[in-house]
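Here the chain labels run A, B and C in written order, and each chain numbers its own residues starting at 1.
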Amino acid sequence: MERSTGYRIDELARRFGLEARGDATRVIRGVAPLRRAQGDQLAFLAHPRYAVDLAHTQAGVVVLRAEHADASPVPALVTKDPYLAYARLAALFENVPPPAPGVHPTAIVAADAKVDPSASVGPCCVIEPGATVAAGATLGPHCVIGADCTVGAQSRLGARVTLVVRVALGKRVLIHAGAVLGADGFGLARDRDGWVKVPQLGGVRVGDDCEIGANTTIDRGALEDTVLEEDVRLDNQIQIAHNVRIGAHSALAGCAAVAGSATIGRDCLIGGGAGVLGHLDIADGVTITAMTLVTHSIRKAGVYSSGAPVEENRAWRRNAARMRQLDGMARRIAALEKQLQALIKERS
Amino acid sequence: MERSTGYRIDELARRFGLEARGDATRVIRGVAPLRRAQGDQLAFLAHPRYAVDLAHTQAGVVVLRAEHADASPVPALVTKDPYLAYARLAALFENVPPPAPGVHPTAIVAADAKVDPSASVGPCCVIEPGATVAAGATLGPHCVIGADCTVGAQSRLGARVTLVVRVALGKRVLIHAGAVLGADGFGLARDRDGWVKVPQLGGVRVGDDCEIGANTTIDRGALEDTVLEEDVRLDNQIQIAHNVRIGAHSALAGCAAVAGSATIGRDCLIGGGAGVLGHLDIADGVTITAMTLVTHSIRKAGVYSSGAPVEENRAWRRNAARMRQLDGMARRIAALEKQLQALIKERS
Amino acid sequence: MERSTGYRIDELARRFGLEARGDATRVIRGVAPLRRAQGDQLAFLAHPRYAVDLAHTQAGVVVLRAEHADASPVPALVTKDPYLAYARLAALFENVPPPAPGVHPTAIVAADAKVDPSASVGPCCVIEPGATVAAGATLGPHCVIGADCTVGAQSRLGARVTLVVRVALGKRVLIHAGAVLGADGFGLARDRDGWVKVPQLGGVRVGDDCEIGANTTIDRGALEDTVLEEDVRLDNQIQIAHNVRIGAHSALAGCAAVAGSATIGRDCLIGGGAGVLGHLDIADGVTITAMTLVTHSIRKAGVYSSGAPVEENRAWRRNAARMRQLDGMARRIAALEKQLQALIKERS
C-alpha cells in the first residue's frame, strides 16, 4: 500500500537476519497482502488460513517459514517467525512524517507547565498546572494533560487523550484517541442513606513502551497507584480499575476488563472481552481465552478458559435448560452407581 | 413529545400505505407512548409487553396489527409491521433544524483540505491535510478529521468524532459522539525482548447509510481496509478490530466486539456484548444472541447462542461446580450404560 | 499520600462517631495504605486480604472492626464499617482546590444559554442554545452541553463530557471524562430494502448525586426519557440503552450494559460486564454477579448469576464439549433410572 524508497531483497535479508531464496536482486518498495501484492511489494505468510494464497501470489518477495518456501512461486525470505520479521520489515515502508515541534497557537498551556521545545502540542490541547511534556513527545488535537501529569519522552498521544490527574507516562508510550487515564476509581462505601464516595488519592503509572487503545480507561488508584509495567499492550475499550497492577509485556485484547486491586503477572495474554475480578492475582505467563471470567487467583502459568460453546439456538436452549439441573444430574448418577453396585454385588 | 404541523389520519394512511379504522379526520400533531398519548398524538403497539396499555389509551390514533384493531378504543392505523410504520410516521414529527452551512471560526482547517461550502463544521473541529468534507455534511463540535480522510455527502458526525487516518465515509453516514475510526489495529509480534508493533497501513471504509454509535471504535486495517458495507448499523461502545468486514444491512447491538480479520455476512444481527473471534467467517443471515462468543465459522443462516442461564446464586454455585465435572459425568453415564447392559444381557 | 492540616485522633473519633483505642492524642495529617502508612497517617483495614499487613503497620492510627483491634500495634479507631468510616475520614484530607468561577475565554456559549456566574466553564467548552449551567457547576475542558440540556447545581463534569440533547442533570452529579449522554437510542425498524431509523425523541434524566464513569454512554429515550434516579452510581464504559430506568442507589460496575426499556430497581448491584436484556424488570435489592446475562425478569431480591467457572483450558475443552451433549446426557440418565428400576422390581 505504501510506496517509498526501495530496498533489494538481499539487503533486507542482511539487515534483518533472514535467509533469501530465489532472485535476491529485486527491489522492494512497499508491502501488501499475499493475494494482492505486486512485483515490487513484500508480502508475508504466517496464519495457515492464508496458505492457499501463496500459489498465486505475484509479490516481489514473501516472508515465510522454511516449510512453505518450496511452494512459493516468487522469491522468499525465510524465517522461523514470519509475522515478527514482517513487523520489522513493514516499519521500513511506513511513512509517517513526524509532526513539527511546537505548541499550536490554540493550545492552552498553564504558566507553570513544562513543555519541552522539541515536543509537539496539537490544536486546542489543554495542559494544566504542574504538568510536564518531555522531549519529542507528540500530543494530537484536543488532548488534556491534567494537573501534575507527565508525558514521557517520545510518547505519542492521539486525538483527545485525557490524563486526568497524577498520571505519569514513561518513554515511548503510545496512546490512541479517546483514552482516559486517571479518572476516579469506582470506590463507594454504603451508608444507610446511600453511597459515600471514597476519595481516590492515588495516580496512574505507565511504563516505557506501553500502548493503550482507543477509548480505553485506566482509573487512578484509591491510595496507591494503578500501574502498568513496561511494554504492556492494551487494545481498545479496555477497562482497568483502580489499584490494578499489570506486569511487563502482558497484552490485553479489546474490551477486556480488570477489576480493582487485581494483579496480573508478566507475559500474560488476556483475550478479548475477558474479565478479571478484583483482589486476586494472576501469575506470570498466564493466557486467558476470550470472554473468560477469572473468579479466583491463578497461581500457575498456562491457558485458562470458561464459558460454553456456541451452538444452534434450538439445541442451546435444550442444553442450557439442563445446566440448571446439573447438580441434580450428578446426584442421580451417583445414586445410579450405588444402586447398580448393590445389584451387582448381590448377584455375585 | 414533539409538536408540529398537523396531519389528518387519512392523510397519514394514504402517505404511508396504511389502513385507517375509526374517525380518520382527526388531526395528529405529534407522537407519544401508548399510555401517555393525548388526542392529537399518535402511538403505536408493537411489543406484546405493552398490549395492556391499549385498552386505556387516549391517543388520537394507534398504529397496530390487525389482530389488535378491535381492542383499540381510539382510531387505528393498521399494518403488518407497526414498528416500521411508526418509524416513518415519527420522522414527520421530528423537528431538528439543520445546522447552518459554514466553518465555525474556531475550527482549524488545513490549507489543502477540501470543505464543501454547503457543509457545516462545528466549533474547534480540526481538519487535517488532504481531508475532504463533502456537500451537506455536518460535523459537531470538536471533530477531528485526520489526514486523507473523507466525509461523504450528507453525513452527520456528532461531537468529538475522530477519524484518525485513511478513513472514507460514504453518503448519509451517521456517527455519534466520541466514536473513533481509523486508530491503529492491535497488531503485535513477539520478540524475545518484548512486543514489536506491526505497522497498520490500511484504512477504514464505511458504506452509505451506515450508523455508528457513541464511543464505538473501528480500527484501520493492517494492510487492507476494515470495511463496513452499506447500511450497517452499530450501536454504542462496539469494537471492530482491523481487517474486519461486515456485510450490508447487518446490525450489532451495544458492546459487541469483532476480532481481527473476521468477516460477517449481510443481514446479520449480533446481540449486545457478543464476541466474534478473529479469522473466521459468519454467513449471511446469521443471528447471534446477546453475550454469545463465536469461536468458529458459521456457514448457515440461523440463530446461534452460547452461555448459561441466569439463576439464583446458591443454585448456580452448585451447578457451576458440576460444569467442571461434566466430562467425568459423561464417562460415568457411559460406564453405567455398559454395566447395566451387561447385567441385562447376563440375566436374559 | 496527601498531607494537610492535622487532626488529633480523639477529634476524628468525636467527629465521625468512632471509638478510639490507644494514644488518641496523636495528630493525623493524611491517609495511606496499611503497609506504607507513617506515624502521622491514617490507614484502614476492611478487606480480609490485607489483615496480614496489620501486625507490621507503622500507621498513626488504623480504622478497623473491633475483632481486629487487639491485633493492632498502633492506635485504632473502631467501627462496624471501617470502609465507610475511611471514606468520610479520607475526604478530610483530600485537597482539590475548587476551580475559579467564570467562563474560559475559549469557551463558546450560545447567546440564549444560561450560565450561572458562580459556575466554572473550562477551555473550549461548547454550550448550545437553550442550555443551562446552574450555580456552582464545573465543566472541565472540551465539554459539550447540547441544546436544551441542564447541568444542575454543584455538578462536576470532567474533560470532554458530552450532553447531546434533552439531557437534564440533577444536583451534585459527577460525570467523568469522555462520557456521552443523550446520543440517539439504537432504534431501527426493518424494511425490505434495509433499516429505517426510528426517531429518538426522548431525553435523559439523571437524579441528584449520581456518578457516571469515564467513557460511559447513556442514550436518550425513543419517546419517554431514559432515567437514572438519585444516587445511582455507574462505573466506566457502561452502556445504558434508551428508555432504561435505574432505581435510586443502584450501582453498576465497569462495562455492564443494559438494553432498551429494561427497568432496574432500587439498591441493586450489577457486576462488571454483566448484561441485562431489554424489556424486562429487575426488582429492588437484586445483586447480579459479574458477566452474568439476565435473560428474564427477576421478581425477588437476592443474588443471581450465570456463566461457567474458569478452569485449565484442556479440562475446559473436554467439559465444554459435553455442554453440547447435556440434554442427551439428561435423557440417558432418565433411561438408566427406568431400566434399573425395572431390573430391581423384576428381581424382587
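Going forward, contacts are C-beta pairs under 8 Å (C-beta built on N, C-alpha and C of every residue); 3 or more make two chains touch, one makes a residue touch a chain.
Nothing here was measured: the structure is a model prediction, and the numbers come from that model.
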- [ ] Call it same or different for subunit A and subunit C: same when shared residue numbers make up over half of all numbers used at their interface.
- [x] different
- [ ] Tell me the angle, as a multiple of 5 degrees, of the rotation that maps subunit B onto subunit C over the C-alpha atoms.
- [x] 120
TODO: With chain centres taken as the means of their Cα atoms, state the distance from subunit A to subunit C in Å.
DONE: 25
- [ ] Spell out, as numbers or ranges, the residues of subunit B touching 2 or more other chains.
- [x] 106, 124, 142, 160, 178, 215, 237, 255, 273, 291, 307-309, 311, 321, 323, 325-326, 329, 333, 336, 340, 343
Open item on the list: If we count contacts the way the header does, which residues on subunit B are in touch with subunit C in the complex?
Closed with: 1-2, 31-33, 36, 47, 49, 81, 83-84, 86-88, 90-91, 93-94, 104, 106, 122-124, 140-142, 158-160, 174, 176-178, 209, 211, 213-215, 230-231, 233, 235-237, 248-249, 251, 253-255, 272-273, 290-291, 307-314, 316-317, 320-321, 323-327, 329-330, 333, 336-337, 340, 343-344, 347
Task: Residue numbers on subunit B that touch subunit A, as the complex places them - done: 106, 108, 124, 126, 142, 144, 146, 160, 162, 164, 178, 180, 183-184, 186-191, 194-199, 201-202, 215, 217, 219, 223-224, 237, 239, 241, 255, 257, 259, 273, 275, 277, 279, 287-289, 291-296, 298, 302-309, 311, 315, 318-319, 321-323, 325-326, 329, 332-333, 336, 339-340, 343
